[in-house]
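Next come two complexes, and both contain chain A; in the first it sits with chain B, in the second with chain C.
Moving on, here comes the complex of A and B:
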């Protein structure tokens, strides 16, 4: 699995939650803990949507399309926001961007 | 446990988790016996802890020099962990399946106390419990727990709890108990040290501490409550499975026990609101 850097190619990549990250969804909001610092953060509704889809079987573009259908928002704006969000989590090693989908059995 | 032949032991019970501490150094055990006097137990222990006292340089050289900020590290899928600290140095191997622990440390009660805090923070995870930065006081058999980071007022609350039983001013254990929760005093106290008594009580409510000019109580929504609570759990690990369990344990507490933000003036008047 090659890790991909940069926002320009981000939409075509598959999103995978990092193995070192713990999370729980409570009342529709994901709380995530990134090792090793153990820092806890909460995501908003859109962030939680992306986070829960990040099982290595959906590209970011697919996830944004699904989000647009669910929340009736504009794709271009949603994609921009999603890229910023994913970039932030990737820089904190909470999300990984990969070129190819993971096997179904591997997916979380 | 053949390795312990000839060793002397002391059994203590903290949060209803009993462990026998074995050492060939009777002077060291005597020092621990005095420190944990209120927590000594005659009942059979769940954990066996073998203490090997080593010179200070042995703990600060070689591989141990690489000690990171992580206190608890899983080293096998069979429930074996390394726990260690660079300050008050010690290194321990904890097998949570066989319940055997081997710890190397300098001959210091502070090193042992540091070990014991982290050891209990780990053993509580599987029991659905938490070792929480909190003070606690009981009144009529039920206890309130006041949690917060350093400087939030835990010790102040303990000082303002005259007429009640103070369980701790620094670290409290909370654990499931018959569909409810119990809070336990610990020997891990801060500045306010009236006696380190081994007291337990049913957990009535949790309060996230905020110093203020006037008293008020604000109910916390579940997400804020879990986040506040999680941030006050004594636990440091890079193991996502353990961290998930801690999140689960926090949520389970929040789901069962009322939890509020307590804004309090630094006088006993806040107790009027808690009745």
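Moving on, here comes the complex of A and C:
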């Protein structure tokens, strides 16, 4: 089942890339490395879109809405996929979900 | 949203190699060092080292070129008072950091500051299983205890540590002890059996290099499969035979760009040109066009399939980038011999 616990809550959270990750977007593909294990991840175009927006200033819901506009996809399905994706990266300590937005000066 | 397969480091690197993306850069921040190791390949190549603003300017350029892995090295990086300012700047620019050090200047406080950088690893040089052996190499009494303490402090802070041990004829008998030490401090252990001449060709460090017997023992006991190469040797059968100058390079404390830390050919200087100009410049392109067919002897060598030929080593040893590397030849011969021995045959040691 592609279901994430507390998914309605998740959509209202702000996404922030973890301090312990580094990344580059090369040819539209984000390549992420997480310390200290040096775990590597490559993201597809949609995953890269979310990752690059994860600066602590956008909720997941806002990001999904932006994604729907850009790629002309259905919100419900996109939100479900995005929650699964975010849940995975959160469980690997690559993304952090926070209640309040970070100050613009702090945003990565 | 994620690709079905995890991106392997091999696939990651292959993309960078094929597109000349300098994914990994070793930045030597200083030639200065508080130790005096006779086997060190470094020489102070004169002129003033890059100041903070020059270093950060270069870091900006590397970020723009999609460099992701930045290794800060020396000399000894912690003799630079602005090391943490540099490292924090690099972190802010999105780099995955590694730090190479001799560890002698890493105390509890420094280890804590390092941990805050979330480094992928901190490599610490260890040259023996005990103080007497290690300190004899470094020329500094007490350096062993300080380096081992650094490893413990870093581990305590949750930093992944690597014991980097250059094997020499004086410490080869301590392999077991060094393994035990690495285990005790919770570090990954990397042995390097190749002592190289200094980067200017000075051969003094070679007085410490392993004998053929030592190398045979090392590759027999430490390398489960002495012949990882499939026929034909992939390192010499493709146009791209080395990552130096393709997805990695080395920047000296004076701003020179080298294809890698062991490669004595300068591609350009960052005080005179931008990184992009040098990386796409004539010298870099010339290097990238080299193929196995340009080599003088290696392609017809009977030990070819056992060889991990290094262009830089060949150039440092003889000044001939296209000639054989003596140490690589010796190791290839020994690996060939081990392979034959394991197959139940005999081959004469040439």
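Basically, the second predicted complex is superposed on the first by the 101 of 108 C-alpha atoms of A that agree within 3 Å, B and C clash if a C-alpha of one lies under 4 Å from a C-alpha of the other, contacts with A are read in each partner's own complex, and residues count from 1 in each chain.
Everything below uses one rule, namely that contacts are C-beta pairs under 8 Å (C-beta built on N, C-alpha and C of every residue); 3 or more make two chains touch, one makes a residue touch a chain.
Just so we're clear, the structure is a prediction, and the values are computed from it rather than from any experiment.
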Touching partner for A:72 - first (chain B), second (chain C), both, neither: neither
Which superposed partner A:40 touches (first chain B, second chain C, both, neither): both
Contacts of A:31 with chain B and chain C, given as first, second, both or neither: both
Touched partner set for A:19, first chain B, second chain C, both or neither: both
Chain B versus chain C as contact partner of A:81, first or second or both or neither: second
Chain B versus chain C as contact partner of A:50, first or second or both or neither: second
Chain A residues touched by each partner, larger count belonging to chain B or chain C: C
Contacts on chain A seen with chain B and repeated with chain C across the two complexes: 19-20, 22-24, 26, 31, 33, 35-38, 40, 42
Chain C-facing residues of chain A, complex: 19-20, 22-24, 26, 31, 33, 35-38, 40-44, 46-47, 50, 81-82, 84-85, 88, 108
Of chain C, residues touching chain A in the complex: 1-3, 6-9, 11-12, 15-16, 21, 66-69, 94-97, 118-121, 158-160
Chain B to chain A touching residues, read off their complex: 68-70, 221-223, 226-227, 230-231, 235-241, 243-244, 246-248, 251
Chain A - residues contacting chain B, complex: 19-24, 26-27, 29, 31, 33, 35-38, 40, 42
